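Same chain, two partners: chain A is paired with chain B first, then with chain C.
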Partner chain A sequence: MLQNEQEYIRILKTRLEGTLPKDELDDILSDYTEHFSIGKANGRTDEELWRSLGSPEDIAREIRVMHLVKKAENVRSCRNIFHAVVATLGLGLFNLVFVLAPFILLIMMLLVFFLLGMMVTFFGFAGIVYSLLQLIGVSAFSVWYSPIAGVFISTGMMTTGLLVVIGNYYLARFFYLVCIRYLKWNISVITGTESAP
Partner chain B sequence: MKPEQPQDDRLANFIFSLNLSGLTMTKVILWLIAITIVSFSIGFGILALAGGFSPGPNPVATPFNNTAFLSANTTTFPLEGASSASVRIVLGTGDLTVRGGARPDNLMEATVYAATPGMQPEYAVSMNGTEKSVSMTETGHKKKDWVFAHSPDSWDNTWDVLLGEQIPLALTVNTGAGDCDILLGGTNLTTLSVNTGAGDTTIDLAGYHGGQFDAVIHNGVGDLTLRVPRGSNTRVRLHQGVGDIDTTGFEQNDETCCYTSAGFSSALPVNEITITQGVGSIQLEAV
Partner chain C sequence: MNIQFKKGVLEICVLSVLAHKDCYGYELVSEISKRIDISEGTIYPLLHRLKDEGYVTTYLQESAGGPPRKYYRLTESGRKEEHEQRDEWMRFAASVNALLEGKNDAAE
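Coming up: the complex of A and B.
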């Protein structure tokens, strides 16, 4: 494989097309073209510049990950954070343990909380219905020791469930931000750009 | 004439009339928290007032009927001209309540609440002259497999037995594990025999106006409460292993571990009660 400027730019363009917006891609490609031009003006060869910049595949992978993390940070959505996490996995297999596993655990935890909240809400609603049916004398629904107490306790259950669901939403938002910060830190460690605390 | 609004406009107007613009998420959460606290407070307050948490013979401690989720099956045993009766109840695991209050023409009305609908006791009925005998036995008991023969569901086994209050009655109760409440204030006893394994037992004879009776109570592990009427001329002999004894309205006799109700006279018919207790506290009350 030829290690010249055109090939370098071609690989970068191929790897980043479809991920980055056109203007951003053009900016990046022009930066690298300029880098090659300055280097050659200083008497360095294409091969030397290629080696100093690093593999275009690795560069494209890092740019892609950083772009997706930034996108997830700017536009909060499940899809964006998922893409960012998957892209981070491409930086190293060890991220299966350091990124994917905690991410899945987090998702599972939020799902469990959500289902728990929905369940409590549902049982609260069902409890109100049962209390009212017991109050009007339908004996098949006589599950409450005191149906009037049942109405209030069920209402409390239902609102508790709703509070859990709402709390879960805020928890998800908090974990989203934590996840973004963790991904950024992970990328900086891998690419060696981590700044001292 | 006012033109009819399209359906969407009506809905939009209705939502607009709710004026939800000022309703932020913080307000929603605060409202929900307030409703939750108030609802639980009122709900459990009503439950407490309704007797759900009182230390009576049947404390509920949950907002639900303790038999609400179990299938019920009631079996009735009519008197059929009997002038006296003996009833024997044998329950391996589960909660038992025995009380008066059967309909006047019935000797016994037994309601069995079981998690497994097919799990019903065996009944044996016999008539000897004018004495009627009824035996109610948990199916697993005869095989001596109270604990291990059934699925864990079988622990959800509750028996509620109503006894007739019209004729003299000899009652025998044997239970393995579970709480036992025997409330016989309205009945007329000749003998009472209670043998329990593990669990709390309450024998409440408050308001008893029947004839003289003898009672033998063996309680294995668990607390025992015995309640008799204040002027019932009752003598209680205690044989206790480990546990406290608390008495109300009883006087300790010269004889060790012998208690008599206030105003006791041996010249009058005496209700003799013998208690043998393994481990657990004993509460004697003359009310």
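Coming up: the complex of A and C.
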């Protein structure tokens, strides 16, 4: 493979197209183009400049991660945070343990809380309906001591369930922010794109 | 040298060079790689991040016999950040040096 300016810029461009908006991509590419042209004006060769810049694949990966985390921070969505996490994972094996494991654990926890909350809410609601049916004499089989108590107990259950679901929502929001901070920390510490030995 | 060391201090190095004078990318990169062996290409993404965070701005300036160059300049908040990070680094480096030189018993 030819290690020249055109190839370097081409690799950066193809790896970043579709992720970065056009103006941002052009801005970044112009930095590297300028670097090559000033370097060559100072008598350095394409290969020398390539080697001291470091692999364009690594640089592109780093820029991609930075962009995706910024995006997930500005526009909160499952999709964006997922993309940011996956891109961070691509930075190295180290991240597999330190990003993926806590991330999956958190998602599972949130999911379990959500399902539990929904279940309690559902049973509460069903309990209310059943007790009311009992009160008007449609159903004879008694679950609780009295249908009136049944209405109160079920209402309590339903509210508790809803509170869990609502609390879960705030917990998810909190974890989202923590996740962003964690990814950012990862970027500043771990992206070890050292010049090839 | 340990890559994590270098990564961690790159930001304060960039801020510090820019605190002395406005630089175009190549100039800044040479200034830093003169002293620290790091892959030069990583400095540009860092500059973009600093720009996003409002610590630096850019402007174009004509150069003698060539296309205009993009210069990076520290903003007010960039200057503040440079001060803070510099103080933090100085304290940290002094503590580490003291420990390494075995002067930790002097604090007793």
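Here, the second predicted complex is superposed on the first by the 187 of 197 C-alpha atoms of A that agree within 3 Å, B and C clash if a C-alpha of one lies under 4 Å from a C-alpha of the other, contacts with A are read in each partner's own complex, and residues count from 1 in each chain.
We adopt the following convention: a residue touches a chain if its C-beta (ideal position, glycine included) is under 8 Å from a C-beta of that chain, and two chains touch if they have at least 3 such contacts.
As the structure is a prediction and not an experimental result, all values here were calculated from the model.
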| item | value |
| --- | --- |
| Fit or clash between chain C and chain B when superposed on chain A | fit |
| Superposition-derived comparison: chain B or chain C, residues of chain A touched | C |
| Touching partner for A:5 - first (chain B), second (chain C), both, neither | neither |
| First, second, both or neither for A:160, with chain B first and chain C second | first |
| Cα-centre angle that chain B and chain C span when viewed from chain A, reported as a multiple of 10 degrees | 140 |
| First (chain B), second (chain C), both or neither touched by A:73 | neither |
| First, second, both or neither for A:37, with chain B first and chain C second | second |
| Touching partner for A:63 - first (chain B), second (chain C), both, neither | second |
| Chain B versus chain C - smallest C-alpha distance in the overlay, whole Å | 32 |
| Overlap of chain C and chain B interfaces on chain A (superposed complexes) | none |
| Partner chain B, residues of chain A touching it in the complex | 142-146, 148-156, 159-160, 162-163, 166 |
| Residues of chain B touching chain A in the complex | 25, 28-29, 32-33, 35-37, 39-40, 42-44, 46-47, 50, 52, 60, 62-65, 68-69 |
| Residue ranges of chain A in contact with chain C within the complex | 27-28, 30-32, 34-35, 37-39, 41, 52-56, 58-59, 62-63, 66, 70, 188-196 |
| Residue ranges of chain C in contact with chain A within the complex | 3-4, 6-8, 11, 24-26, 29, 33, 37-42, 44-45, 47-49, 52, 66-67, 69-70 |
